[in-house]
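Consider the two complexes below, in which chain A is the common component and chain B and chain C are the respective partners.
Presenting the complex of A and B:
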């Protein structure tokens, strides 16, 4: 009887270990692919086969060929070069956006969670106001007021996205701030900034990092969406959303003009989302446990 | 039992075949005029175009009154943009300030009332009392009516008065019937508007139309402002004809035998006004280089896919004072580089953009997106100007009026119908003289001022034409405006649609000749 229990536990541990290994392999693969994507985007200017902004009307709207694997657009610009160059704009704008909202939202959340009181209530009500609007509609309104341009689109989306991180960070701080080790730090005379940044922040980075990684894909889509509506990148800047918008009327006659940036968005968003999922599996023991329990059932 | 089901099967098959045959029979039979319905999708009818409604005495609504066959003007333009009588029989110029117009005797409003001199006088009186542009254009001092004729006296010499009466705001409506809350009116045209919204107009035929019985009973004009939606609406059969299809979509219908296309060159020009208030633009060499670096042929043949003609001056070739009656600088990138170099614009820091006195040659190109051609033009010049060392910052925004007001632009590119009255005076008095409404470049030239003053007082058509050529040439010599292309307008329709043709004036669309089989 006892032997069976031991056997069962061993099988359980092995299965758990296998599961963990699989997650780690996934993490390495997706990490490598994302790094490759970031590398291509970072060195876009050196990697492009043609100048992505050079017009040559004599070769306008050419179907994919050996010389131009993704074809050319209506200005005769090489689509492959524009997709690579557009990656730089789209991916790094999304990363900048996620960076800004994560940092700002987390700082606000830390402050509110630790400080509490009226100021906490006030800031949280402000964040409620931002959350009450339908996100994209609000972003369109902000971008409309600010005018076109990729930076303005980033600002517009940052305006609507920071409360999510503020609320997340605040919730985590509230859960931690009454822990014995925080009380000990307080008793030993640590300053509030030291407590917040040395003792609280490192303990809440896990969920924030997971949310941030998962948000990269969403933000990329929203940025591309704003650009598609003409509120993001301005011509002739290569950006996937605006490239799709430019090619919209050619879907039936020259589909490669819209398919190339469309596929690029699809692949990039999928990669970042898969990476986000895997990071969550690695960093969030709760989800991992739940997943494991669910699998066993 | 088996026998019964066999009989039943036979009967059902018989009924089905009979149904199918009778169905074929109906399809083959000709519908009466009343039964025929024509669904028309257009990009030109929308709140943004300020033409929602049917009251010609408000804003640009007259365009809808005239286009969709509800109203008609005293005179109209033919294919060569020459005047022809319509509701009027003829006119005589009594003196330089007075015109007598004789009206047709057989014209009735759609409510059955006869169109008399008094009715026309009442309509024109209301027009100059309430409309924003008409009083300035027409300069009417008084109108008198006598039976089937009216006599108009003007404040100033007005050689182009009759041309101005062809403007859509000149549609004759029954003022006794008035204007309804949804801006509907009673006109003299072949159709009567039943319902009007900002998305759709439902028209029914005026079977007592003075010009003959309309051939189609119902016309639905649908506002479809998205090019792709319009394309797909035509492909799916939701609409029978479309106006304003994206150039990329036209290709789909050109090679398809199920559709026919009616195209015509119009006087709608895509032009760039160069702002003389800008330090860089004031430099003659910069303007010349800009004019030399615009690839008009590439723009029209590739980007507009042949749906336009390269423009030389403001007027297209179907006018005696248009087309190659004037000369412009030819496309010459190397020549433009030399012009800039000679003027001291040199690229000293090697970034590809020229500088002079520490000032970079960077221009702000303001335009808007509601005309699909304008952003294309902006991106096209952005590339070609870069070749000569001019940096172009494109600002394509539909709130362009704010930027115009603030003066925050070096170039303003827009689309404009240069000869809506078939006469050159309108363009010059609105674009090139001091204080004119659309002189966005703040252009001034004494010679142009004198010539336009002469044009305002000249009654002889040939001399007017000569003056127009001289003025256009001077504007081109100064490179105050760069004219990119004239629009070729196209209607795409299903094979059976007839009597629906594009007109160079862009005024007349739905007429009594419209038929669908």
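Presenting the complex of A and C:
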């Protein structure tokens, strides 16, 4: 009887460990792929086989071949070069956007959550107003007012996306604000800024990091969406969304023009989402707690 | 005798929906230098609220709290931080009273660093205080989840005494620990009282413990002090019906 319980526990521990290992392997794989993607995007200018902006109408709209693996567009520009170059614009704009909204939203959330009171209610109502608009429509309006350009598209999307992080951070702050260790920090004579950045922020980075990673894919899609509508990157700049927009009239005659950037978006977004999922599995507070109890024993 | 802490007609009311809950109602008492005052009462009798008000973590509705004759109610910012040089507290849940992301040593050093002690010196002093509290210096490099509850509580005491406060508040400091560890912690606290003349306010619901360490006891019930006296007086000859009930429920 006892032996079977011991056996069951051993099996359970082993299964748990195996699962942990699998998650770590997944994390390493996706991390490596994302880093590869970032690397390609960063060194796009050196990696492209042809000049992505050089036009040559004699080879316009050629089907994929040995010389041009993804074919050429209507100006005879090499699609592979343009997809690689476009990756730089799309991926780094998305990363910039996520970086900005995460930092800004988290700071606002930390401030509101810690301070509380009227100022907190006021800022949260403002964020409610931003959340009340349908996101994309609002972004289109902002981008329309600001005019085209990838930076303006980033600003437009940042305007509608920061409240999510502010609310997340604020909720987390409220959850740990009354922990005894925060009181202890106050009793140590620490200033509020020190308490917020030394004691609160490190304890809420987990969920924020997970949301940020999961958001990279979404933001990439929305940026590409704005560009597709002509409110993001301006031609001739290579950007996946605007490249798709260029190719949509030729979907039947030259599908590679729209398929190449489309597939690029699909793969990039999927990679970032998979990475986000794995990061969540790793940082999940529940599995983490379990890990701690193992260690204590 | 001079009073380190004086509490005068302190009141605190919480709102819960439409009901008003009188957590603390018109409480006055004093803690003398080198004295250990026990505060007993069932849960919900306002003991912890009182501790929070004395430490300034909760504002008081009415009344005055005096530290060495100076009022410390309603302070904020710098003035409040200055008060924490003289008042420290040991919390009920040892594991929760340390930031899980920060090493114990770092937590102990924080108050010293805030007072302008250099990092290196703070570190050696933190290790010294850990030693005084019966922990080896290696504990300074451990995280809260790597130590047991008793060890954590010792570290918590080390943190509280590191800046040599005049008043130490122990909010059920031993209730989360098992009996043998409890005895060790209580002994440790008694040692400090003797050595440095530190005044102590022990919030507790364990009458046996109170009898062992406290010089004077206040019994609280529904936010009021219902009885006051030496521990022996209170346990042997309780006057109030509530105190009798409290004692009967334990012995």
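Going forward, the second predicted complex is superposed on the first by the 286 of 297 C-alpha atoms of A that agree within 3 Å, B and C clash if a C-alpha of one lies under 4 Å from a C-alpha of the other, contacts with A are read in each partner's own complex, and residues count from 1 in each chain.
Assume a residue touches a chain if its C-beta (ideal position, glycine included) is under 8 Å from a C-beta of that chain, and two chains touch if they have at least 3 such contacts.
Just so it is clear, the structure is predicted and the values come from calculations on it, not from any experiment.
Is A:252 in contact with chain B, with chain C, with both, or with neither (first, second, both, neither)?
first
Based on the superposed arrangement, let me know which partner A:45 touches: chain B (first), chain C (second), both, or neither?
neither
In the superposed arrangement, does A:15 touch chain B (first), chain C (second), both or neither?
Neither partner.
Classify the contacts of A:187 with the two partner chains as first (chain B alone), second (chain C alone), both, or neither.
second
Quick one: classify A:36 as touching chain B (first), chain C (second), both or neither.
Neither chain B nor chain C is touched by A:36.
Would you tell me which residues of chain A are touching chain B in their complex?
Going through chain A, the ones touching chain B are 53-55, 57-58, 60, 74-76, 147-148, 230, 234-236, 248-254.
Can you name the residues of chain C that touch chain A in the complex?
Per the stated touch rule, the residues are 55, 57, 81-82, 84-85, 87-89, 91-93, 96-102, 107, 110-111, 114-115, 145-146, 156, 159.
Going by the contact rule set out above, which residues of chain B touch chain A in the complex?
Residues in contact with chain A: 227-228, 231, 246-249, 251-252, 295, 298, 301-303, 369, 372, 375-376, 378-380, 382-384, 394-397.
Taking the complex as given, what residues does chain A use to touch chain C?
Per the touch definition, chain A meets chain C at residues 179-181, 183-191, 198-199, 202-203, 292, 295-296.
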